[in-house]
Amino acid sequence: MNSPATLDQWSRFTPKQRLKRYGVLLATLLVVAWALQSINVIWEWVWDSPAQMADLFGRMVPPDPQNLPSIMQAMWETVNIATIATLFAVIISLPVAYIAARNTTPNVVTLWIGRFILVSSRSVNTIIWALLFVAIFGPGIIAGIVAIMFRSIGFMGKLLGEAIEEIDTRPVEALQASGASRFKVVLYAIVPQVMPTFFAVSILRWDINLRESTVLGLVGAGGIGIILQGAIDTFNWPEVSMILLAILAFVILGEVVSMYLRKRIL
Amino acid sequence: MSDFPDTWRKPPFIRNTPLRRGLWIAILAYVVFTMATLPIDWDRVSAGMGRAARIFSGAFPPSFARADLLIDGFMESLKIALLATVAGVALSIPIAFCAARNIAPLPVYYLGRATIIIARSFHPVIVAIIFVKAVGFGPFAGVLTLTVYSIGFVAKLLAERIEEIDFGQVEAMRAAGAPFFSTLIYAIAPQILARQVGLSIYQLDSNLRASAVVGLVGAGGIGATLANAFGRYDYDFALAITMVIVGVILVSEAISGVIREKLA
Amino acid sequence: MLKIEKLVKRYNGGDPVLKDLDLEVGGQEVVSIIGSSGAGKSTLLRCINRLVEPTSGTITLNGTDLTKLKKSELRLARRRIGMVFQSFNLVDRLTVMENVQSGRLGYISTWAALTRRYPKSDIRRAYELMERVGIAHYANKRADELSGGERQRVGVVRALMQQPEILLADEPTASLDPKTSEQIMALLRDLANELELPVIINIHNVTEAKQYTDRIVGMRYGRIIFDDVPDALDAAAMDDIYAGVPAEDRAAQGAAA
């Protein structure tokens, strides 16, 4: 029981480690404090916000199903936007992935073209694409489809390109040795290997696109968002909550469907 | 030697022939029908091409004349993303414990799951619109929006991580008579901490991205600056903003990638 | 008849891996190439169908100088050279039949390849060859469902589908267990006889080389230092082929040169 005095103290980290951990913690706290004190908010509004939100919520219940038929129709339009856009994006992303993958791209120039397409498509958000295409095509579903498509090409092209870069190159060598042309080598040795990724990525992106297409309407690019915007603008809160419920149901349904597809196909 | 078969078909993915053909026809019918009913107004499109040309010619060269506005917008986005990440991660921890099947009692579990599902299902832009209506325009609505957005992602993955932990350690603590919170800290926290830090950094990165978007509907930050520029037909400034957003996103993606690689 | 003259291969300006190598293989003989790792066996084989570009020298197959061919001509020439690989190099997610037919890709139209509508004669030949090596009942199975020995049989049939004028086998049995490995060696020997086809086999297992091949070529550091019937491979010859370390050998050559 009478252990030496030096051994009755224990700590998990060495002083240096502890210093480092406290340093990171302190830095985080400082950054947060800086953000809090310099952010441009009206603090009275912040303290008032719980009451405001309770008030808004109170106006939203009960949801008003009166406009359900038109909500459902807008939902159907939203599904179509997501599905058609995914379909086109899948088709376009294949050649993009092909030239953006280091091991299949014909030359350095095409590699950089491919990379450029991927980065520019991925870095610009769907909504910003939608803003642009609404200006070009006018408000409506077309702008929405093109916007979703543009954003999806980068996402799918990147993941597919990575899958192409990770393939087993030995079958490729075998088919080259048998005198097959480049296209046939791609067809028989590369395509089968990226097939699982291809389906997984398409389903995943479809699921994401369902969510994204619900907000297109807010910038005028078709779908349920238009009705939502209308209901908000007219302070029709019971209808707003009905639309939100419909979106919730529809997104969950989409997730169930994509889970089922993943299980069946992969 | 000619008694070998000379025909071969690849076994189809769906073996039931009527089902397979039915599916193909259904898919084809859907695509043709939706494509055919797309309201493409070619006059509007050709007029739109002219507008596109005007937008692009108006956008080049990008104008950095109002760089101060750009920087202000950006700093605001950064603050929004930071605060939302801190708040979101802090809230995600209790919610994740509620939503972990192996820790929480059933009613709490359903409550936790429901919270996560709701937070995940709504696009941040929709959440932002509601918050803007509730608490007014500006960065506060942005922080609230991205907090919800963070919960949807961080709490979900954290709950999954908690469900995967080695439960033997929890039992060992319980067997030693440790109270509930000690068990949390000693048996569960060490197992999820690394994941938590990685997730937080990833979330900071995606909040920064998202803050550019929620600003478009009035929730502050660089998105608001962009929406204003676009609304005032300042396409050259809008292009400058977009270019900066893209650049910052690429940089922050690279930084968060490096940090997460070091932590892993 | 395959004739290799003064073949040199140098990777990126380093020391040559193959040094003025001459070799002649013809008729329906089964030739094994033995030698320790790094002796240049695999490089030699890959120079023949130019999976590896030779630095200099000529390789002539039945009158065609393979080293002079342009890209499209090379494809035509490669159809005449079958190759079997150590790790089988099958496309795992395709069926056995598709893997076998991929040996015909150099012959059939792109449309036929895409739709899997192979010519009747090709399908008949595939079944015939698969029956011969005992895998016909697997035609509709995916290649990754097969065992190692079965996979290598698919690899052999794929190469034979090309109706090659010569068959190259790069360590065809190195990934297989001893029993399966002997079966594959016996199969290669028998097929060489039946199809009147010369076969060159890179192999590590000297016992198998002696048992299943007509002629043994011993390589050491890019040169052929033994070329005779299996019975002539005595202990002294074995020592020459396998003993020594590269550094000593290079030093000795340097002194001689």
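Each chain gets a letter, A, B and C, in the order it is written, and its residues are counted from 1.
Definition applied: a residue touches a chain if its C-beta (ideal position, glycine included) is under 8 Å from a C-beta of that chain, and two chains touch if they have at least 3 such contacts.
A quick note: this is a predicted structure, and the numbers were derived from the prediction, not measured.
Colleague: With contacts counted as defined, which of the two, B-C or A-C, has more C-beta pairs across the interface?
Modeller: Of B-C and A-C, it is A-C that has more C-beta pairs in contact.
Colleague: For chain B, which other chain has the most distant CA centre?
Modeller: Between chain B and the rest, the longest centre separation is with C.
Colleague: Would you mind pulling out the distance in Å between where the CA atoms of chain A average out and where those of chain B do?
Modeller: Taking the mean C-alpha position of each chain, the two centres sit 6 Å apart.
Colleague: Provide the C-alpha centroid distance between chain B and chain C, rounded to the nearest whole angstrom.
Modeller: Taking the average C-alpha coordinate of chain B and of chain C, the gap between them is 52 Å.
Colleague: Using Cα averages as centroids, what's the distance between chain A and chain C in whole Å?
Modeller: Once rounded, the distance between the two centres reads 49 Å.
Colleague: Got the chain C residues that touch at least 2 other chains?
Modeller: Residues 98 of chain C each touch two or more of the other chains.
Colleague: If you look only at chain B, which of its residues touch chain C in the complex?
Modeller: 1-2, 4-11
Colleague: Would you pull the chain C residues touching chain B in the complex into a rising list?
Modeller: 95, 97-98, 116, 118, 120-121, 123-124, 126-128, 131, 139-140
Colleague: Which chain A residues qualify as touching chain C in the complex?
Modeller: 168, 170-171, 173-181, 183-185, 187-189, 192-193, 195-196
Colleague: Which stretch or stretches of chain C touch chain A in the complex?
Modeller: 49, 51, 74-83, 85, 87, 89-94, 98, 102-103, 105-106, 110, 113-114, 155, 158-159, 162
Colleague: Which part of chain A faces chain B closely enough to touch in the complex?
Modeller: 28, 31-32, 35-36, 38-42, 45-46, 48-49, 52-53, 55-56, 80, 83-84, 87, 119-120, 123-125, 127-128, 131-132, 135-138, 140-142, 145, 211-212, 214-215, 218-219, 225, 228-229, 232, 240, 244, 247-248, 251-252
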